[in-house]
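Structure below; questions to follow.
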Amino acid sequence: MSKKTLNLGMVGYGFMGRAHSNAFRKVGNFFPAEHQVVLKAACARDAGKAQAFADTWGYESIETDWRKLVERPDIDVIDICSPNDTHRDIAIAAAAAGKMVLCEKPLGRNPAESEEMVAAIEKAGVANMVWYNYRRVPAVTLAKQLVDEGRFGKIFHYRAKFLQDWTISADLPQGGAGLWRLDVNVAGSGVTGDLLAHCIDTAMWLNGPMVEVSAVTETFIKERSHSLTGKVEKVGIDDASLFLARFANGSLATFEATRYARGHKALYTLELNGEKASVAWDLHDLHRLQYFDHSDQGIVRGWRSIHVTDGDQPYMKNWWVPGLQIGYEHSFVHQVADFIAGLESGVPAAPTFRDGLATDYVCDAVLKSAASRQWETVKQAS
Amino acid sequence: MSKKTLNLGMVGYGFMGRAHSNAFRKVGNFFPAEHQVVLKAACARDAGKAQAFADTWGYESIETDWRKLVERPDIDVIDICSPNDTHRDIAIAAAAAGKMVLCEKPLGRNPAESEEMVAAIEKAGVANMVWYNYRRVPAVTLAKQLVDEGRFGKIFHYRAKFLQDWTISADLPQGGAGLWRLDVNVAGSGVTGDLLAHCIDTAMWLNGPMVEVSAVTETFIKERSHSLTGKVEKVGIDDASLFLARFANGSLATFEATRYARGHKALYTLELNGEKASVAWDLHDLHRLQYFDHSDQGIVRGWRSIHVTDGDQPYMKNWWVPGLQIGYEHSFVHQVADFIAGLESGVPAAPTFRDGLATDYVCDAVLKSAASRQWETVKQAS
Amino acid sequence: MSKKTLNLGMVGYGFMGRAHSNAFRKVGNFFPAEHQVVLKAACARDAGKAQAFADTWGYESIETDWRKLVERPDIDVIDICSPNDTHRDIAIAAAAAGKMVLCEKPLGRNPAESEEMVAAIEKAGVANMVWYNYRRVPAVTLAKQLVDEGRFGKIFHYRAKFLQDWTISADLPQGGAGLWRLDVNVAGSGVTGDLLAHCIDTAMWLNGPMVEVSAVTETFIKERSHSLTGKVEKVGIDDASLFLARFANGSLATFEATRYARGHKALYTLELNGEKASVAWDLHDLHRLQYFDHSDQGIVRGWRSIHVTDGDQPYMKNWWVPGLQIGYEHSFVHQVADFIAGLESGVPAAPTFRDGLATDYVCDAVLKSAASRQWETVKQAS
Amino acid sequence: MSKKTLNLGMVGYGFMGRAHSNAFRKVGNFFPAEHQVVLKAACARDAGKAQAFADTWGYESIETDWRKLVERPDIDVIDICSPNDTHRDIAIAAAAAGKMVLCEKPLGRNPAESEEMVAAIEKAGVANMVWYNYRRVPAVTLAKQLVDEGRFGKIFHYRAKFLQDWTISADLPQGGAGLWRLDVNVAGSGVTGDLLAHCIDTAMWLNGPMVEVSAVTETFIKERSHSLTGKVEKVGIDDASLFLARFANGSLATFEATRYARGHKALYTLELNGEKASVAWDLHDLHRLQYFDHSDQGIVRGWRSIHVTDGDQPYMKNWWVPGLQIGYEHSFVHQVADFIAGLESGVPAAPTFRDGLATDYVCDAVLKSAASRQWETVKQAS
């Protein structure tokens, strides 16, 4: 075996650090390629945590300062899984050091940060990707394939929501480990950047750019104790964010994200209605795609529940046999596989940083609209 | 309006008396025909109950003796909705009096009674029908249409079950009003004649005759107080009845009925698997048909959930508009409509008494097999 | 039997005329009351159509001018099932004649008409009701019961949509029999008054008044041939209507209605998320209620699919037995039963005309917002 | 890191070889333990295939003769993933060499082989386990937990089926790579040992031993070309196998397995109905458990669709966050984790070889009954 190595430096050790590490470890077992990922170094400020993480996942070494990591000559790729307030500086430094850069979404805490990141990456000309992983759930990828085949005709409607219920308790603090998503200074925004960003990325991938939005947001629980300061502090994030949108293709949409929808843990749903067909998907049963084809004979026409586990469906020939489902984590494996395939083919895998910026612009228009109570035009990333 | 009248004499006033009366009253509103049903007389032993029933449903008169009813010259059709132990005598007398005869299922309490009934009806040459109403749930009728179109190829498997849970409590008495189905002397059998009979009728309609069966039955609660005697008496019915079957076309089947399946109120399900397609249905969502067509393109192949409410689907153009579902009671309306259509076309509506006898023969083979612990050959009705 | 009679005069003979007539005919069979509905007269401009309708449904007589109908002394109740542009004049005249008035929704083509109707009705002091029938689908009524029991705690979210696909073809004309809903002069608006009105009525019944809305509408097909003029004319209705809303209780909502959602025939869905529980329902499986109770033990907590067919659930003890579902038409039977019960108890059944006006105000705010591209405050009806 | 190593020798490189290798590689990332699995050697007769497999999965070395593998002193555990006709000899030799032995199911091709294997294992006193992996799908494990908590009361019914459709084409050959399951000499039986064995293992785990069975089997396609001989040869396996069963606790059951159920790829379903509650599960949506608790209040009683992804549900705290599902492959990871936990706790993980023998006895009774057309008593393994 004379594989090319792809030496990885990981920043962060939380939920996403685990999901990405698992993907990097598994990709070679299921998606043969010229490159082999080597887990070179894990980086976290706390040396003990970094070492424990490295031990669990098989990283060869640790760093406690990301600046050192990005300077290491034995690292090819920097993967940024640390909280949002660190994305910009790490990405810019990594790009400057000539590293490929993978970054958890959203890019920055706001478009200004994101624009700096895109500029740095593009100036450096390094390979880059943002972790909007849901594009690579096979059922969602199949939906994209159906769109690209022109099966839907003119599109009239799109709707998406991402419903969770984990912050309903007023006793939940904000800030600190596992809870930085409730701290606006770290996260940049609430569900808009965390959940809607996913919905928006998939939506524009499937249905093209958005033109304008009208939004409303709410912070249901106004004050929470802060894990870092120990004091009750004002909550700065949006707990819920809803918006109406018009796409460039003339279709209309509703979007909604919240962490106050009792009974839904991570219910990301999407639906697209076209003249000739419709398609729908949800994350709680992610291995199924619902598809309605109006050209089916009338008496036996109905929504098809497609169990996306067959070898002719996206990514599935690399896994098990028909009928045996894969899960959430596999979307990350696919993204790594595609990133590597992009390196080898010369056609970069999407979403790139510039694609991520497009999503950040929509998020920004949403937050602006919620504040202005006006329709806001969406800035275009390219 | 110069409609031909069809003067009805109803025997019984219970659950089925209501379901049938509703059907006779509604049929003309939705299914135009030359004949108009007239609710002529309701018959029950208790004059008060007969009158209350007649008042509620608009019957013109009452009788307290079915022998008088069948002799009345102003009656064209006798509908037998009284308990099973009365079916034979009423049917034979009605046929002898030249009346058309409709009979709730099963025909008799055993094949001997049923054979007498068939002989009487056929000798008299009167129109006749058994109320296996589930054939006329539009989704089930659609399944039959798909079978008749040859969409399935060679059939490999059939499976059906009818699950209820209403007799789990040992405190439930047997016998008397509403509970005669637990009294073997009145009912003839338990779930075999009550629930499996429905499954068997539909199965043979869709998949042809059965050849042989291997069965097991159980009476979970051995003794219950008897409503009529006031004493605790041995329970003679089968609480659960399961069997394996081989159809004449070579397909294999499982059948199961029980009143001890906690969580299921009236879950009649059926499924047929053919070489080229499969179909499934259940009574708890009776307006949907599940259909799988292997000739669909691979990447978008899946079970179709057909919402059977369109005008081109069986019976539905006579009801509302697409998307608006009908319910259980409508199957009876359809059966009346088809009975009348049969009178007018000269092609009798099925299932006839002879069709009902075929089902009774299967039920009998099931009970025999459960007793003999052997495979039993099914006697054929024609 | 010495029932009080309730003599009905029906205006209209279309889809709603049939649905209501069926309800009036059936109510006495299933919901015993002091009053008995008598189908006294059916009214339509075309005598032949009126007579055919009367024959089918058993109306005793016909009228060809609604002005005559409302003046007939033998009529107690006028039921308005004719197109929207006739509602105001008939209702006002009927009220002036001292008749009880039932009116299909929406009340008028716009709030001005609706206000006149409410004023007339209230001045006359006659019993009145608007046919927002979905309140009386048992699963929806059960949802209301759960709300009234306080099971949800603080409400955070409400969402509803009503999706159809029957006008996607550009070849469909506007205007005339069966198509007046596409003619803005007759209908007043498109999906806003036709479909959203249902969603809004249920929403305010379950979740209280709405405060403000931000909306967008679209007319996808700009011109259609007109059945009455024979010419291609501009389409004045809204094909799709989407809005964000804030309720008085602080909850946020998305609403959407369209006739361009391929694959959905009449998919009215609603969901309410509260602090302690959530509930969801849809019209395509109307006999089920989805319920999530956060107080359930964690390991077995999940959405409950409640098959609303038990005797202890709203309206169901009057129908069949557990497990046997009813359909769309039964919601109208329940509404008649409750109207009669209201007459007998002295507590009028809702929704009254004033309740209907509240819904019309929301619809008006939606249309205004779509035009102004601003949030619009909702006028309150009481 | 001072982990104890568990040196693995893998026999086989097919579907199961991949599934197990993946599990051995992942277990340490998600289930911390004292032992660390080391992929020491992969064994296959073809050196090229063995090396390719070793390269893909990271095995340190290869062997081309399992006899050499079981003799290697650096191997602690032998995992048998080769076809059924090799199980006995390898297991016996491995046990004799003092290795722990893991074996794919079923144990032998018939009870005689299985008994020899159990005897060898128990004589050697080595740790052992059979790969009935579905016990460790979290939803199934949760069902077992609910059973053990006594939530169901007296059990009345059990039903299971395993439906596939991959052998419907008569053009599919038997024998050779990927198709040995159609060759009776290699496999021992058809769907009985392949699919029903899974159903039986879970059933007895949840519902205790079976007493007697009545079965029917069918070979729909009588002859197929043989990949190894190149000739058309008689098909010796059962294509479909159905049986009725009585459990020791008095409950009745239907079981069915087939590879001729069009539309079902790997639809393993199970349901258990008890006096107080019921539970159901299926492999096509393996992350959900359906649960009905009769003690729920009547008006809101319904089947709960439990999305088994929460930290308090079996195995799930080791994976992602609530709402994010895992897939098929994770059941193997759990089995390895439990095997290791069993080594460390001294309480061996089930199912052991003796447990596997119990399932083989049921399979044998099924095949005997299909031949004898009699009820057959099930031999008990302990």
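Lettered A, B, C and D in written order, each chain numbered from 1.
Just so we're on the same page, contacts are C-beta pairs under 8 Å (C-beta built on N, C-alpha and C of every residue); 3 or more make two chains touch, one makes a residue touch a chain.
Bear in mind that the values here come from a model prediction, so they are computed numbers and not experimental data.
Subunit B maps onto subunit C through a rotation of 180°, based on Cα atoms and reported in steps of 5. Using mean Cα coordinates as chain centres, the one most removed from subunit D is C.
Rounded to whole angstrom, the centroid-to-centroid distance between subunit A and subunit D, based on C-alpha atoms, equals 36 Å.
Between the CA-based centres of subunit C and subunit D the separation comes to 55 Å, rounded to the whole angstrom.
Each chain gets a centre from the mean of its Cα atoms; for subunit B and subunit D, those two points are 42 Å apart. Residue positions 264, 303, 307, 310 of subunit A are each in touch with at least two other chains.
Residue ranges on subunit A touching subunit D, taken from their complex, read 1, 15, 18-19, 21-22, 25-26, 28-29, 32, 55-57, 164, 166, 264-267, 283-288, 307, 309-310, 319-330.
Of all the residues in subunit C, the ones that touch subunit A in their complex are 156-157, 159, 161, 163, 165, 168, 214-216, 218, 220, 240, 242-244, 246, 250, 252-254, 256, 258, 260-264, 273-278, 292, 294, 303, 373-375. Those residues of subunit A lying in contact with subunit B across their complex are 142, 145-146, 289, 291, 293, 296, 298-307, 310, 312-313.
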